[in-house]
Structures are given as C-alpha cells and as structure tokens.
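Chain naming follows the written order as A, B, C and D, and within any one chain the residues start at number 1.
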Amino acid sequence: MPTEPVIEVAGVTKTFAGIKALDGVDFTLHQGSIHALVGENGAGKSTLIKVLTGIHQPDGGEVRRAGRISTIYQEVNLIPLMSVAANLFLGREPRTRFGLIDRAKAGAEARRILEGYGITADVSQPLGTLSVGEQQMVALARAVETDADVVIMDEPTSSLEPREVETLFQVVERLHERNIAIVYVSHRMDELYRICDTVTVLRDGKKVHSGPLGDLPRIELVSLMLGRSVSDIKAGGTTAFGEDHHAGKEPVLEANDLTSRPRLNGVNVTIRPGEVVGLAGLLGSGRTETAKAIIGAIPTQHGNVLIAGKTVPRGNVKAAMRAGISMLAEDRKAEGIIPHLSVRENIVLAALPGLSRFGLVSRAKQDRIVDLFIKRLRIKVSSPEQRVAELSGGNQQKVLLARWLCAEPKVLLLDEPTRGIDVGAKAEVQALIDELAKEGLAVLLISSELDELLDGADRLVVLRDGHVAGELTGGELTCEHVLAAIAAEPEPAGVSDDADRH
Amino acid sequence: MTTTLASTRTKVLQRQGAAVALVVMVAVAWLVFPRFGSLDNVRDLALQGSFLAVIAIGMTFVIITGGIDLSVGSLYALGGVLAAYGSQWGFFTALLLPLAVCGLIGVINGLLIARTSMAPFIVTLASLLFARGLLLVITDEGATTYQIAPDSAFVELGRGTVLGFGYPVFIALVLALLGGLLLNRTNFGQNVFATGGAEQSAVLMGVPVARTKVLVYAMSGTLSGLAGALTAAYLQSGVTVIGVGTELDAISVVVIGGTLLTGGAGTVLGTMIGVGLRTVIQNIINQIGTLDSNFQSVVSGVFLLIVVVLQRILRR
Amino acid sequence: GGQTTTSGGPAASAAQNQSSGPGCARDKAGYPQVDLKGATVGFSQSEKEANPFRTAETQSIKDEAAKRGVELLTTNAQSDLNKQISDIKSLLDRGAKLLIVAPLNSDGLQPAFDAAKAKKVPVVTIDRKVSSQPCTDYLTFIGSNFVEQGKRAAQAMIKATGGNGKVAILLGASGNNVTVDRTKGFKDGIVGTGLTVVAEQTGEFDRSKGQAVMEQLIQSNPDITAVYAENDEMGVGAVTALKAAGKQPGKDVKIVSVDGTRTAVQLIADGSYTAVIESNPRFGPLAFDTLEKFAAGQEIPQSIVISDDEYDTTNAAQKLANAY
Amino acid sequence: MTLTATRTRWLQDNGVYVAVVALLLFNVLFTSNFLTMGNFRTQLIQAAPVLIVALGMALVIGTEGVDLSVGAVMALAAALIPLYLGYGPLPAILIALAVGLAAGGFNGFLVARVGIQPIVATLALLVAGRGLALVIANGQLVQLHDPAFLALGTDDFLGLPISVLVAGVLAILVAGLVNRTTFGRQLVAVGGNRRAAHLAGLPVSRVLIGVYAITGVLAAVAGVLATSRLAASDPADIGLLMELSAITAVVVGGTPLTGGKVRVLGTVMGVVLMQLVRATLIKHNLPDSIAQMIQAAIIVAAVYVARERR
C-alpha cells in the first residue's frame, strides 16, 4: 500500500451550539487509497469532511493537506437555475481569446464529458430540470474532472440507480488507477466492501476504529458503528424486512391511468391494505412523479385516484391527505423539513388541525404524540424543542416519517425512505414499514436499492419512461426478473407511440 | 446546436413578457399619437431613460445575487451633488468624486451584507438614510445648491449630443452592453448567478460568494453615483431633491424586465426593456395630456401589475 | 420689504405687483409674435394637486385660460425633476407656443429652458424663482418672495409676542429652497428682538409630521411661547398637538405660518391661531396678462412679485372668503 | 467558550430590549423633561399606528413575504372616512376596514394564486393605492368634525389613550394568533418552507391570502386612528413611507426577513426603539442630516446584534 499521506488530521474538535460534532478525531488518508468513512447518522462524517475541505474551521486540532481536494457533498450542491454546462464548469470555464467564456466550447465539452457518465440531457437546460440522480451524476463529473489529488464523496450513491452506481464505480476505478486518493462515505455495506481498502469508523464524534477494511468482518464493522457487541446484533440478511404480509382482498388505493405529461403516461397502481407495493425503475422512469400524482402534488391530465372506492379530487394535496394518503417526499431539504421550526412542530405539522380545537392548538396533546413518536422511531434529539435543522440527515428523515404517521394515513407513499440513513436507522425504518403493513397500512415503497425493494415489497411495479413495464409477484421477485422488465422492449400492442418500430 | 438556439429563443420569449408589452405599447402609441414618433420625442425618451438605465443595470446584478439595493435613489442624488461640488476642480474631480464616494458606500453595503448575515433590504435601507443625511450635510441642510459652470467640459458630458442623442444615452448603451458581457461571458457573471441561485451550494462549489456580493453592491453604488453625475452635468447643478423613490423605479424596471427577485436568473437586456417600457408609458400619459395628476399613479400601478401578471402567465 | 405690497385681496393682488430689474422686450429677445387668443399654451405643474396651494394654482391657470379662449395643455411632474424636464419638452413637441412653468426646484431646469429657447417659446415661471437667466433662459418670474414671507412672518410674530419669547420653528422639507428662504427671512427678521429660536425641526410641509414634531417639542421644551411653521399645514398640526397637550394655541403659544389656506385662516378667526402670511397661488390672471403684454411688444420686468396678503386676528373673519 | 456562545445568543435574542433600556437611560440622564407622564403618553400615541401596521408586517414577513402597500392602504382608509362619516363613525370605520381587507386580500391573491413575488405585487398597490385615494378624495385634505370619531384620537379609556389601547390589544391578539392557533403555526411553516408546507397538505394559499388580508385590515385600522388623531383625512401624506418604518421595526425586533419566524414582542420593542430614537433626535434638536445618519447607524447596529449567526 502506498504510504504517502495526502491528508493528515490530528485531534480535530468541532462544536455546534454546544453539540460536539467532532471530538479529537484523527484521520490519515494515503495516496491512492480508497478510504471508507462510516458511522451512524450524526456521527460526524459530513462535519469531518467539511473540516477536511476547509468549509468549517475546527475549534481545535490540526489539519494538514497536501494537494487539491475536490468534493461531492451529501446533499446535491449545485445551482438549479444555472445550465448543466455552467454548473459543470463553474469556476473554471473555458475562455475565448478575449478572456470571455466560450459558451460553444463549454457546451460541447460538457456534452462530451457527461456522456461518459450516461447523461444525454440538453446541457444548456437549467440543472433543476434534471432528476435528482442525474444531478448527482453532474456533481460527480464536476468533482472528478478537476485535476484533484483527493476526491471526497459523501454518500454519492444515495440518489443513484444500480446502473448509475456501476458508472460511479467505473469512475472510482479510473481515479484509483491514476493513484488519486478517495474518501468514500456510504451507509451501504456492499459498496464499501466492494471498492474500499481502508475504513475509519466514527461514533458520536469520536474515532473508534481505523484500519484495513478487507480483514474486518461486516458484523464487526456494524458493531463498531453502533457501539454494541457482536452478539447483540443478529445477522438477519441484508435488510430488516420480515415475511410477506397478509394483505386484504379489496384494494384501498386504486390509481388509474395517471398521466402527467411528459413524464408520466398512464400508470396504474393498486395497493391493498397491509400490502407493500414496490415501485422500481431507472432514473427518471417516473416513480417520484407517480407518487406525486397520487397525492395531487403535480397536475395530471388524465386518470383518477380512488381510496376505498371513493374518488379523490385531483391536484389537491389537502384533499388527498384527508382521504388518507400521506407521502414522504424524496428531497428532504426542499420538500420535507421546515428548518426554523422545532422537532415537535415538524412532527405535528400535518396533523395540527386534528390536535387543535376551534383553531387553537393544544400543547398537551402535541407533547404526548411527539414523545410517543420520538420513542417509537428512536429519534436522536436533545429535546423535542430542538430545531430540526440541527439534526443529522437520518434523524431528520425519522422526524418526517413521524410527521406522516401522525396524520394516521390509510396509504403511505414512501419515496426513498432510507436514503442517507445509517444501517441502524435503516433497519429500524425497514422494520417499521413491515410493522405498519402488518397493522393494515397500504404502503407504496420507492427505492433505488433493489435489495430493499425485493425484500420489502410483496409486489413490484416496474416503470419505464412513465409506463408500467411489468408487475412482479411471488417467485418473480428476483433481481433478474426486475432487470429484465426494466430492459424489455416496448410491447408491440401499441401502448406507446413508438411501437411502430417493430 | 440549433436546438439549443431554438430553446434559448423560446426561453427568452417566455421571460420577456415585457418585450411583448413594449412592442405593443410602442405600436399603439405610434398610431394613436402623432407626436410620439417624432425624432425630438424619441431623443427625449432615450435621454430620460438613460439615467434610470444606468442605475437599473447595477440593480440587475444585485437582484440576481438575490439581494436588493434600496440606497440607489439616495446615492443618485448624492452623486449629483458631489459631481457639482467637485466640478469646481475640473472635469475629472466632477466625475470621479461621486463614483468614489458612492462606490465606497456600495462597498460598505456589500461588506455588511456579505460578512455579517444581515438582510440586504435593511442594510441598504439604512444607507438610504445615511446617504440622504450625508447629502444634507454637504449642502448645508439643502440650503446650498452647487452649480456647474455652463461652459465646462463636464456639462458637455450631460448635454452634448451625437445625431441629436445625448451622450448619456450612449453611455447607458455601452454600460448595458458591458453589463451583458460581464454577466454572461465572464467568471464574475457566473459567480453572480451562482450566488443568487443557491448560496450554500455556491460556497461549497468554491464560488467567492462574499467577494461577489461586495462587488455587486459596489457596482450598484458606483453606477448610481455615475447616474447622479450625468444628471448633474445635464442639469448643470447638483440638485438635492432628485432620487426620491428612484429605488422603487429601478426595482420595478428590473422586475418588469424578467429578472427574478428571488435571485439566480435575469438579464440586462430585460432591464433595458423595462426601462423602455416605463419611459414609454410615462410619455403616453403625457401625450394623453388630460389625465388627472392623481390618476397618473393609478395608471402606472395598474400597468406594472398587468406586465407582471402577463409575464407570469407567459412563463407558465 | 420694498418689493411687496401688503394690501388687497386676490382680485387686487392680480393687478398690484411690483417689478424689478431691466425689462425684457420681444423684439430685443428675438421671440416671434404670438397672438394669445387661440394660441396653444403649455402649463407644467410640479407636484400633484394634492394640497390647497397646488390645487388653487392649477385652477387659476385653467380658469384664466378658459376665460381668454386659450388652448391649454397641462402636465404634472409628480415631484420628479427629470419628469418635469421631459414634460416641458413634450409640451413644446405638442405645439405649445407659450409656456407657464411652476418649477419643482430652483435649479436643474436648464435643459428644459434650452429646449424652449431653441424653439423660441417664451417661458413664464411662477411661484418659485429659478436660478437661470431671465429674458435669456426664461422670460420672467411671477411669484412671491419667500425670504420676504419669512420676514413678514417674523414681523407678525414680533407684533403678537411683543418681541419676547421662545420660538420653535417647524421647517419645511429638507433640501427645498422654499424652506431655506422662509427660514432665512424669519431668522433675519427676529434679529435684535427678544425672540430666541429654541428648536428647529423639519415637519416636511406635512400636517401629521408637524403635529408629531410639535408633540415632542412641547414635552422637551414646555416653555415654548411661539411657533413659526413654514406652511399652514404644519401650523394646523401644531395646533392639534398643542391642544392635546392642554395648551391654548393662539394664546399660550402664538402660531404664525405661511400660505393662507382656509383651515388656517378659520383657526385665526376661531382664536386659536395668530397670523398667516399669504403665499398667493392665483397666478392665472397675472401670467396671462404678462404674456399678452409681451406679445404686444411691451417690456416685461425680470421678476414680478405677486402681492401676498396677510391674515391676523383683526381681519381673518372678514377675509375668510379670500383664503384658498 | 460556551459562555460567550450563550452570551451572544442571549444578546441576539434580547438585543432590542437592551437597546430600548439603554436609550431610556440615556434620555433620563441627558434629556430635559423626559420623565413625565405626558412624555410617555406622547411616545405611545405616536408609536401606536406604526405598531399596528408593524404587527401585520411581522406576519407577512413571517411567510417570507413583505407588504409595501401598507402606507397606501392607510391613505385609502383615510380617503374613505369623510365620504361615509355622514352615516356615523361606525359605518365609516367599517367601510375603511373592509377596503383594507379587500386590498390585503388582493395582495394575497396575487402572491398566493397568481404567484407574483410579494415585493412586486404590493409595489403595484403602493403606486396605485395612494393615487386612487387621492382620486377618491379629489386630491383634497378634508377637515373632520364628527366628535365621536375624533374622540378615537383624543380620548382615554381605562386611563390609556384609545389608540394605544387598540394597539396593545391587537399586539396581544397577534401574539396569540401566531403562537396559539393552527393558522399561526401554519403561517410560520409556510414561511419556513413553502413546498414542504404544501406537501404536508397545509392550505398554503388560504394562509397567504389570510395573512395579507389581516395586514390590510391592520393598515386600515392604523389609517383610521391616524386620521382621527389628525382630525383630518389627508390621503396625500398619511402613511407616507410607513412600509419602511414598519419593516425596519419588525427586523430590528428580531424577525428575520427570510421568513419562518415571527417575534411579536420583539416587533413591539422594535417600534418602541425606533420611536424613542426619533424622539431623542428631535428633543436634542439635531439637524435633519445628522438625525438621518444616526438613525441609519442605529438600524444597522440593532440588526447586527440580532442577526442570525451562520
């Protein structure tokens, strides 16, 4: 192993408003190594990275860097209103002879580079028109295409498709060949073991382990992260989902012919009480749109949604919620948390009218229900009055889950519910989904992790280009079947416009 | 490449509800009012618009960074007074003194906004008061009005013409052109968009957000000072009563021009169209001639509303 | 003040005026002959007609134009100097052969005058004197002498107080030369008397601001015995403030102001105001007379001072109808 | 280190109170005749209309908006009073309030349904509203004589001037609205993250329209009170630049312009602070130039202390 350290950190401490996010952390990154940085939500991984890159000044300790660092931060951090090309080149735009930005060249270059990452979108369009996953790939391209000596990736795969993850791994491989050091943060064990050679484990802001990864059994890594003994942790497969559920007979949710041009073209989904239906598909296949169309957050041209046989008014989130639908949105920061408000207020937000009388809110009722959910979902907070913006990503996600459960829905739409959540919390969330289904809730589960879908769902609806490309049940719930459905040619029955190619 | 061009074109069209309105207004005015199209009237329109245009170019940059600059009206007046005051020492003092002082106030605005997390609205509101106060100090509570010698070179800057169009018109056009280039074809311009588009992300992407902010406010201050200097040259004196409410005019022409007040998007061309619209509508009110003076503001308000709503609908 | 006559109502004031400086004749100045009857005359008003002075001024011009069969074009600059310049240019463009301008400010209208000069259109400025050259840049100025108004206010104040007491001045808007002149005149006028100025604060020519400032001043200087308000509106505001503070305006505290609005004169008649120096807004007859004389080839003086009336406790009740 | 952190935090939350106390102390020491009942009365009476407007402004700012039209709405209310005072003070006041409601509702409609940015939407009414008021009033200031109506501005109730009492009651009501009602909490949520609030099924449009409507009504109340105190309807000047005074007071009081937070007591203190500053400057007879510069410095200082640390 190469021994040249490119980053050396000793005894770094960082405190936010009294919370020690980092507590005397040592960290050494060697040239050419792929170093996994792991830990539970809120362990301090993102904070350490921001210290490494100089975004945060540490309160104490030493940071030594040799070489240029480029970073992909945890939340997609690009400028949605600027064009894809502008985002890619921001800060190092190609120039003309007169020192002005050469837009033609930038466009052409951007197209060439992004093709290598599987993105064919128009690079002159605003970045915001791309899906989250595509944006993540642009961020990846931006970070990798600079001549950096170190590339840091904070949960880069959390918004990526299996196919995109492969692209990412190829990129990592290329970087590795060029002897570039990589810091890799992820909650996905498979990925870590596949690409990383070294690991550093953080727990509650402290470094608890550092060493080669290959020698370390998974179960031991998990035990280091959680701070519990190995025997405590039962190795129960890759996910915490249990057996199939016993679904009712009559569907509680029927969504027919949902059409929202141009991204959704006639999707049908039905879910019975106590059933978990998974939604699979590639990036931009319309899964998020399907969920949003069901709850009425995007306008639809066609189609209707029935709850227990009754039609839900279209394009009206409030009515859909009253009918018993709740949706956990994919983008936590933009569509989930209300950053200024406390954990308590974030949890009760949707249920507020039910917790008040004559428009006056009742604190006692709120406190009771908030306590219940903080305990049940094991949300790590200093107090329910803590501002939600101060929580780690995983705990914010749990707060949002609590919000939707609080609204006592009949149907729960979960768009990437375990994205960015640590192994411990992820298992908890998965177990919770299981439990909710057992209690008779109908769940629509959208996930980019195939394992999660295959294990967690009783039935899978596979989407492609806004169509249903297939439905899988029972024995068909295997990786091969899903990939086949995703890759299958359009049916010749003339469902789609370009069917005449056959 | 062609698709890129076409999509850019539709995008421009969508953004420019104002351009559509301007064309319609001009066409109607041309047909209805015989005097509207006269060369004299056109020259006067251009000149009147040019002072506001200079201020609005700076405001466009500020608004694209997601900020706002309420101090421009006061700085405009202050710039005029300083120019007239400086004119006793010759052309360059007359021109540079207002640029320096107003630019400095702009820098202070920018520093306060960028280095502390104070809202631009409130910081520039304070400098609106401050600059007015300073102006009153200089003019002995408004008792002194500095005159500029009518035969000085500085007056020529405001009064001289080419083809009958005043120098300020050309200065405004050149500045608009430079502003457009700066915004779209330089790294600074990209930083301006990035700062307004998503500040946190811009920081993480290595954009010098603080420096960008200081620069745009400095620019806005300097341009307001320049507009004041040009006005003083044109009026041959440092009039103290100008610039009241000019900040609202500048903001409304920028917004009419399709620049988002939330930041992250906007064009200098749009702003110029906004200035054009405002100038034309005022001229039309004059051409009608019989409108009750109180009713004029109703018309301007309603007009502003129509343009913004139109824009909003076009963008959908 | 030698420039001012102090008698007569509005009808008289139109006729009575004094002039100064060498005259300006049409042939000498090179203006063409324009017959006033049937001619197009432009009037550029400076501010919205939202106070009695502006309302009366515009009305007077309109009435007189109608009476003389003149086609009148009007514009309103809405307190925007640049707009007034372009207003004047557009009046010229629309064919005005004679111009009456109520300038927004003493300085800064040069470009407009130059445009008029280029088209050989004579300009009569009213109510506010501009710093440009009479007879070359514009024809003549008709209006009050603001310094003189301040002096007369001082005289009225001296008369009412016996020349002793503490005066608070409610200043007009900052940066406005009317404010400057009325302050200067008043301060000059009380030199050598027992009147001392204990406070001068701007009320921005506005009734409610005048009232608010007065309320503060009574609290901090309870010994104020006189108030000089630079327009009636602020004076009326001061009356309300004084009453609310339990003082008797007009008796405990003397109030003198400039303008001549009906409200203020009524207050004198009611006994809660001391005196008002008129600032006469009825420029119509005088302005058109001047234009007519000019057309007829007579010499026009450089400035024509309109006579300002004065209201005090002795005459307010009789003259109430003259107030505007 | 945590001590300084808590200290700055404390100052950040309470800076405006500290400033008010400091200014009071200064005046007690250096201003003659400051410690009199009459003086405090004057300050309260003058602050009352600004406070009423600022309360509404605080709500709007809480939704990440701003309302520039409040001064124009005051003018509209003032212009309507003399037209209907013949039917008695109550109908006249009700009509003024109704117009405030309509104006505010219209602003809310533009913001919530049409999707126009609040500054621009309300700027249109700022420009047009006062013009309309002047058209209604025919450009004239109208002297008012109805004793019942004028009593609003001059009389006391429970030992307090009526306008001060009204402002106090409204402050308590608004505080209750923000902190104790569903509407208030939804308002703050909408200001904190509008998209999230929408996806949480909150009636975003209704909340926004409601907030602007409340602000319109409050501005009309301020217009009515100011008119009765002035004993005249003066649409040309009433409420001029009120939008800036109100916004300043709200922000100085610690409500950030970025929305998601409303501090009602802070707003009250912000209004009191700015009132005291103005009073101090007048009482010390400072010229307008210096007065404006000092006000600028105080605004910056107050907001600097209360700003959100990154």
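As a working rule, contacts are C-beta pairs under 8 Å (C-beta built on N, C-alpha and C of every residue); 3 or more make two chains touch, one makes a residue touch a chain.
Because the structure is predicted, anything quoted here is derived from the model rather than measured.
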Graph separation of subunit A and subunit B (steps between touching chains): 1
Which of A-D and B-D has more C-beta pairs touching across its chains: B-D
Most distant chain from subunit C, judged by the mean position of its C-alpha atoms: A
Cα-centroid distance, subunit A relative to subunit D, in whole angstrom: 44
Approximate Å spacing (C-alpha centroids) for the pair subunit A, subunit C: 73
Centre-to-centre distance between subunit D and subunit B (centres being mean Cα positions), rounded to whole Å: 29
Distance between chain centroids, defined by C-alpha means - subunit C, subunit D (Å): 35
Where subunit B touches two or more other chains, by residue: 135-136, 141, 293-294, 296-297
Shared-contact residues (touching 2 or more other chains) in subunit D: 134, 139, 288-289
Chain-chain contacts as defined at top: A-B, A-D, B-C, B-D, C-D
In the complex with subunit B, residue positions of subunit A that touch it: 55, 71, 73, 77-82, 86, 90-91, 93, 99-101, 103-104, 107, 122, 124-125, 142
In the complex, subunit D residues that touch subunit C: 31-34, 36, 38-39, 42, 45-46, 134, 139-141, 143, 154, 226, 229-232, 234-238, 240, 278-279, 282-283, 285, 288-289
Subunit D-facing residues of subunit A, complex: 15, 17-18, 59, 295, 297, 317-318, 320-322, 327, 329, 334-341, 345, 349-350, 352-353, 356, 359-361, 403, 407
Residues of subunit D defined as touching subunit B within the complex: 66, 110, 114-117, 119-121, 123-132, 134-135, 139, 244, 247-248, 251, 256-258, 287-293, 295-297, 299-300, 303-304, 307-310
Complex interface listing, subunit B residues touching subunit A: 1, 3-4, 7-8, 181, 184-187, 189-191, 193-194, 197-198, 200-207, 264-265
